[in-house]
Amino acid sequence: MTNSLINYTLHLADTTLILSQRNSEWCGHGPILEQDIAITNISLDLLGQARNFYQYAAALKNDGSTEDSLAYLRTEREFKNLLLVEQQNGDWGQTILRQYFFSQYQLLLFQQLQQHSDEQLAAIATKAIKETTYHVRWSSEWVIRLGDGTDESHNRMLHAIDELWRYCGELFEAADYETAMGIDLTSIKQTWTEKVTAVFDEAKLPVPQNVFMQSGGKKGVHTEQLGYILTELQYLQRTYPGAKW
Amino acid sequence: MSVHDLENTFQRKIDEEVKIEPKDWMPEAYRKTNLRQISQHAHSEIVGMLPEGNWISRAPSLKRKAILLAKVQDEAGHGLYLYCAAETLGMSREQMIDDLHSGKAKYSSIFNYPTLTWADMGAIGWLVDGAAILNQVMLCRTSYGPYARAMVRICKEESFHQRQGFESLLVLSKGTPEQKAMCQDAINRWWWPSLMMFGPKDSESTNSDQSMKWKIKRKTNDELRQQFVDMCVEQVKLLGMTLPDPHLKWNEARGHYDFGEIDWNEFWNVVKGNGPCNKQRLDARRKAHEEGRWVREAAAAHAEKQKIKAAKDNLAAA
Amino acid sequence: MTNSLINYTLHLADTTLILSQRNSEWCGHGPILEQDIAITNISLDLLGQARNFYQYAAALKNDGSTEDSLAYLRTEREFKNLLLVEQQNGDWGQTILRQYFFSQYQLLLFQQLQQHSDEQLAAIATKAIKETTYHVRWSSEWVIRLGDGTDESHNRMLHAIDELWRYCGELFEAADYETAMGIDLTSIKQTWTEKVTAVFDEAKLPVPQNVFMQSGGKKGVHTEQLGYILTELQYLQRTYPGAKW
Amino acid sequence: MSVHDLENTFQRKIDEEVKIEPKDWMPEAYRKTNLRQISQHAHSEIVGMLPEGNWISRAPSLKRKAILLAKVQDEAGHGLYLYCAAETLGMSREQMIDDLHSGKAKYSSIFNYPTLTWADMGAIGWLVDGAAILNQVMLCRTSYGPYARAMVRICKEESFHQRQGFESLLVLSKGTPEQKAMCQDAINRWWWPSLMMFGPKDSESTNSDQSMKWKIKRKTNDELRQQFVDMCVEQVKLLGMTLPDPHLKWNEARGHYDFGEIDWNEFWNVVKGNGPCNKQRLDARRKAHEEGRWVREAAAAHAEKQKIKAAKDNLAAA
């Protein structure tokens, strides 16, 4: 049980960290100042969640691990983040679509985790519900704004869907540790699909059918993206082992 | 009222520390000077996100990453307050941004230096924010209301940033030999550019007299620079580091530290556009603006569609 | 003297390594298959030169250093490469222009080094003359082809010149260790300017005047580019210290 | 000569191991099959540069970086030989590339897998090049002259690559615990996809009979796959590693190793376009082609200008 709990917590931590890292690439480069602030804010929120999860995982491992040793000293095959969050930012449309797909899922997941028997996970989830609700609202509004904006924005959203949809299946494919933790991804999938369909409908965007889904992230088999993210993220800790910052 | 009366009323408000507000009459030169200063301050906040944003992905601990993200986000927020304050003086944000991108409007030269190591983050917090704070504390009492109020909000956050920057250097200064060397190296590279943040010597500063009279500026360049030096000489001792100026020396008679001559060639070169990162900073801002065009256009188009839809719904309901 | 020799050799090594690294980013992404091969070939040549210089520097230091410890375990402020070679690839025009500026300079430098009193530097330079001559020919032909090709290629070359010219001054600004080594950069600058002017003339490209030159690379003060290059280059050695590959 | 006579002459050449050359008469199906196979082989070399090119910047030593660069460069060269050989059969390189980008033409599915660690470089050299070599040695005796000659040149270099790949794994296998684990992990991920490189089982392979008759293909899929398994089972012992197949077992009666069933679902899925990297590989090739358009156009424009200039000079000289 504990192994599954640790792995699951690491999955949650890695996922939020990597998405935070990707979003933070926009800092200073956003399309509008207010949105630069918003995406950085979301990045901060996700980082805060990641830190909570890493700290919990470190406590569970009880072997000297810290939030930093877990984030900075593990390698690609040990990371358990979703493939979706390691994908490149692409344009603004791709970034907010990735956020919407993820946050819609995360909100439903956190709502479920609030009831989980593991009190710490439940507490972290509870703490994060309010900001995640905002993430869903902010990103879904952007999906609609861009899907039903100009021809150009609509086409860019079609392209973004083509890039990202194939990574949405993994959200609902339970890894062994998720099953062991009793996470019900089936009901989450159903609600997620309904919500996404409704938003896409308002955004005048088509919901893809019959797309083959990629997976592997939850088990440490990533795309070629993650390695590069880690070279930047981990460089200083690798270069100055044991130093305090 | 004659112009002469208007000018008298205006100057009396200033002398009595009554804030000038957007709807008040003001000399055109006062409006222009404030507009230039406030918008350039806003540009500085925005451009200033870039050298620090450069180290977000490589921040060496999750805590430092969070602190840095929050700092840069605050700076974006400061830019927002300041653009709003500047807009009250009659120029749109779009126009201000165009002026920045065309090179017509300036931003603080300090951001034209590259951030080369993690320690630069601490050095920027300590020295650059430190220098900015001296300027800004003064500006909290500036005569133009919207500017003063924006500055009060900004000052609160900047003090916090400066303390975190110094704390980050303190940790390095107690760390490994490599970290100590990294700390000293960053101080060596950021010290003189920070002194340059206070601008030219008073004797060569063109705008000063009128700005002092209108209480846009409340202390001279040299006064602020001296205050900064005096403060930093004490603070650097806590780090066990040195400032890269062999001429730093307490002058009992003046009651201040003497310091070396700034390389004014370098100062003017960077102001002129020849600093290490001038091109990169503006290229980055222009690129963000250009690549964001379709996003802004889509948002506007969508908003328009919503307006039309709402109008239709009203008609239908009527 | 030895310190200057070591620093100078490291400068030569770092410069060729970083340029090799930049060029190799094109591998598999070039505009024409034959050019993919050519740029990869140049990348290999430069890497070979870098290895010769690093191996010599390691021998001089005589402190357990190896070509790999010098390339993989020094940090940004220790690297002495020219700023020119760490700049981004940009488009094909910017890449071949960077190559031309550099190779034209390197050929003249190597011709001078062939006569240097340090036999090893002379030997390395001699070995590299033939391939460097080819690099100059290949890249200058591309400058002409693109400068005098289509309107689009001409404009892209103008943009490339605007990006890179400001880094050409550093080639001829002697660092202390270059002066100590007796390198005559003045004569190299003169010939380089004549050659570049002739090529630009044939390419119908303007030689910029009165551009402020950036420098610092030779002294370890780089642009914000180098740090990122090193996170990728050095990651595995940093992550697995002491391992053999 | 009647078609019947032409066909007889053609088949007799093949039976007598006389190469078919570009100017020879050949059945349309023979031409098409060779064109498809050679061009797809070329595409494979080019696309194959991508998974390996992915580790050039991160190669863990200068020697390994040089070896990898040289390998990828060789592959580009192989692609070049093969495109030239294919062009002799009546299709331009431009058209072949368009077919690749449109999805009409295939390339070896093995390259649709991601390279996730440095050890993947060694695994690809050992297993993927190893499998390719078995195919290619056979092709050195293929009936179409230009293809056979290209393959002879290619085989020389590929053997070298395979040895370097194996040697790279050998070093890992004698290294730190992390390196050993990295080595085993890469073998685990690349083993089954390498077996899939030999294609469907003979019983389900559509092209085989005619290809065997025309000596385009000289051994069956299953024959080659068995040869590969037998070889690798011995080689993996030298690494002190295991192959991820619990059913591997020497079969005395057959004189070969029995091995487990390939996941044909995965095989067909990847062929159909659903592998982990299918999209990325084609996107990268299309992008390179698109972004290179202005370069090719400029080169052509310049060449044209040179022609005109030369013609003028000739006239002037006359």
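A, B, C and D are the chain letters, set down in written order, and residue numbers restart from 1 in every chain.
The rule is simple: a contact is a pair of C-beta atoms (placed from the backbone, for glycine too) under 8 Å apart; a residue touches a chain by one contact, two chains touch by 3 or more.
Chain labels with UniProt names: A, C = Ring-1,2-phenylacetyl-CoA epoxidase subunit PaaC; B, D = Ring-1,2-phenylacetyl-CoA epoxidase subunit PaaA.
On a predicted model such as this, the values are computed, not experimentally measured, just so you know.
Using the contact threshold fixed earlier, the set of chains in contact with both chain A and chain D is C. Between A-B and B-C, more contacting C-beta pairs join the chains of A-B. Once the centre of each chain is set as its mean CA position, chain A and chain C turn out to be 41 Å apart. Our note on geometry: chain B versus chain D, Cα centroid distance of 58 Å, whole angstroms. Centroids of chain B and chain C (each the mean of its C-alpha atoms) stand 37 Å apart.
Looking at chain B, residues 58 sit in touch with two or more other chains. With touch defined as above, residues shared between interfaces to two or more other chains in chain C number as follows: 75, 231-232, 235.
Residues of chain A that touch chain B in their complex: 17, 21, 24-25, 27-37, 40-41, 43-44, 47-48, 50-51, 54, 67-68, 71-72, 91-93, 144-146, 148-150, 152-153, 156, 232-233, 235-237, 240, 242-245. Chain contact summary for the complex, chain B toward chain A: residues 46, 49-50, 53, 56-66, 69-70, 72-73, 76-77, 79-80, 83, 118, 168, 171-172, 175-176, 178-179, 284, 287-288, 291-299, 301-302, 305.
By the touch criterion given at the top, residues 75-77, 166, 212, 214, 216, 221-224, 227, 231 of chain A touch chain D in their complex.
Residues 75, 228, 230-232, 234-235, 238-239, 241 of chain A touch chain C in their complex. Chain B makes touch with chain C in their complex at residues 51, 54, 58, 114-117, 185, 189, 269, 273-274, 276-277, 279-280.
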